[in-house]
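For clarity, chains are labelled A, B, C and D in written order, and residue numbers in each chain start from 1.
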Amino acid sequence: MNEFIWPIRVYYEDTDAGGIVYYANYLKFMERARTEWLREKGFEQTALKQQYNLIIVVHQISIKYIKPAFFDDLLTITVHISKMGKASLIMAQKVLRETEIICTAEVKLAGVNAVTLRLQEFPLDVFNRLVQK
Amino acid sequence: MNEFIWPIRVYYEDTDAGGIVYYANYLKFMERARTEWLREKGFEQTALKQQYNLIIVVHQISIKYIKPAFFDDLLTITVHISKMGKASLIMAQKVLRETEIICTAEVKLAGVNAVTLRLQEFPLDVFNRLVQK
Amino acid sequence: MNEFIWPIRVYYEDTDAGGIVYYANYLKFMERARTEWLREKGFEQTALKQQYNLIIVVHQISIKYIKPAFFDDLLTITVHISKMGKASLIMAQKVLRETEIICTAEVKLAGVNAVTLRLQEFPLDVFNRLVQK
Amino acid sequence: MNEFIWPIRVYYEDTDAGGIVYYANYLKFMERARTEWLREKGFEQTALKQQYNLIIVVHQISIKYIKPAFFDDLLTITVHISKMGKASLIMAQKVLRETEIICTAEVKLAGVNAVTLRLQEFPLDVFNRLVQK
């Protein structure tokens, strides 16, 4: 199974005056899940930077809001590579409450050099571990 | 001129450990500009809700990150309707530092009934003022 | 042992351009821990509101920043009642990285009526469960 | 007049499911006002760091919440030095809605060396401009 999931509890800080999760906060939830997915694959981003001079940045996001989530909800965030390139990748992510879809997103990430901030191909070792099921 | 602009100063709260504006925060900047654009057109969202039972929600966002912005930068946010429907509209927005483009987004908003949360057409009066130059 | 602890991972969203956790975010970490402490005692705040018309609000905070925390740190938040009153209580909370103290705070909370927003004594049942070891 | 004031509009991002401004966000509002107060005195923090190797950090905050503020409120933040030391100072700050006090805080700031992070006295030039009416 090629999908990583990460649970996230909704706290008061995540909500807005509409009584629901503030829509920009789903970007944070999705990034927490990606961070844990990388960690599970053995990568801490601080180490990637030190070892390979590589940082992973967000280039583009498309997000669709389907249903609201509420204070105290226990959400599940999915992480899945939908397209893998040499210096960039596209993640397909979903936020779920049990089986209900709250929102879905495509997040385009790119590897860049920590100093020049120019695109930098993933080292083969990193590439291989990212795509491995 | 069909474009509204709103200035936003970058504060410490907006930045992250990369030394730049945290990417999710541009969604907040863009919403502040939309809120002020509505206010300039004579709409406070609290009044829209009280008067028409109408709330305006974000259905979809596509955002591209072009260049980073930094602490103390003075940014300009543009607000422009790219497509106007009866119950929804698409805003094209840009974040600029002087003439440099920091990021661009398309934000799909929809009018929904404050009680049922179902799509609700904009009242003609609201529609007319939204599209008026 | 009268102390509840809750682990919190530092994500990118929590940091600022100083490369450290943005100081206002510790208030969020402490509230997450208090929310989980309440949940462990059997209270969901949504239920407290529905059942007793009671909401718990923050009246006062004193916080001291001792050391910085960083991206990827795994922190521990402690929750401890330092003073229990009939309609309010003072929590002593610490943020730790292993045994290092990152910051400490006293947080005064009060029970208020969800409608009138006036002080409202904790129901005896709630009071008893809050103070029980 | 020794008091600087800064206006802040409440946006949706600032609110929580209680329908009011989320209490941790007042710390951000107060910092925005301090940043603008410094700017008015001729200091950009980036320049302080480059020129004097000095960064100003928050050591301690005591904040009292008096009344709630709401979406669309136009608030005023006051900035006032209540105690000036050689390497630290205490600011007294208030958040007002017209003449109503929303919250008040004492914020202890310290000058630290950007490299060692140890306390560093304010350069005389900086000290003088900070205390000047």
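Note that in this section contacts are C-beta pairs under 8 Å (C-beta built on N, C-alpha and C of every residue); 3 or more make two chains touch, one makes a residue touch a chain.
These numbers were taken from a predicted model, which means no experiment stands behind them.
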item: Interface numbering overlap (same over half, different under half) for subunit A and subunit B; value: same
item: Taking each chain's C-alpha mean as its centre, the one farthest from subunit A; value: D
item: Euclidean distance of C-alpha centroids - subunit B vs subunit D, Å; value: 28
item: Inter-centroid spacing, subunit B versus subunit A (mean Cα positions, whole Å); value: 24
item: Centroid spacing, where centroids are CA-atom means, of subunit B and subunit C in whole angstrom; value: 34
item: Junction residues of subunit C, two or more chains touched; value: 12-13, 18, 24, 28, 31, 71
item: Footprint of subunit D on subunit A - complex, ascending; value: 12-13, 15-20, 22, 24, 70-71
item: Subunit D-touching residues of subunit B, taken from the complex the two chains share; value: 9, 11-13, 28, 31-32, 35-36, 44-46, 71-72
item: Residue numbers on subunit C that touch subunit D, as the complex places them; value: 18, 23-25, 27-28, 31, 55, 57-65, 68, 117
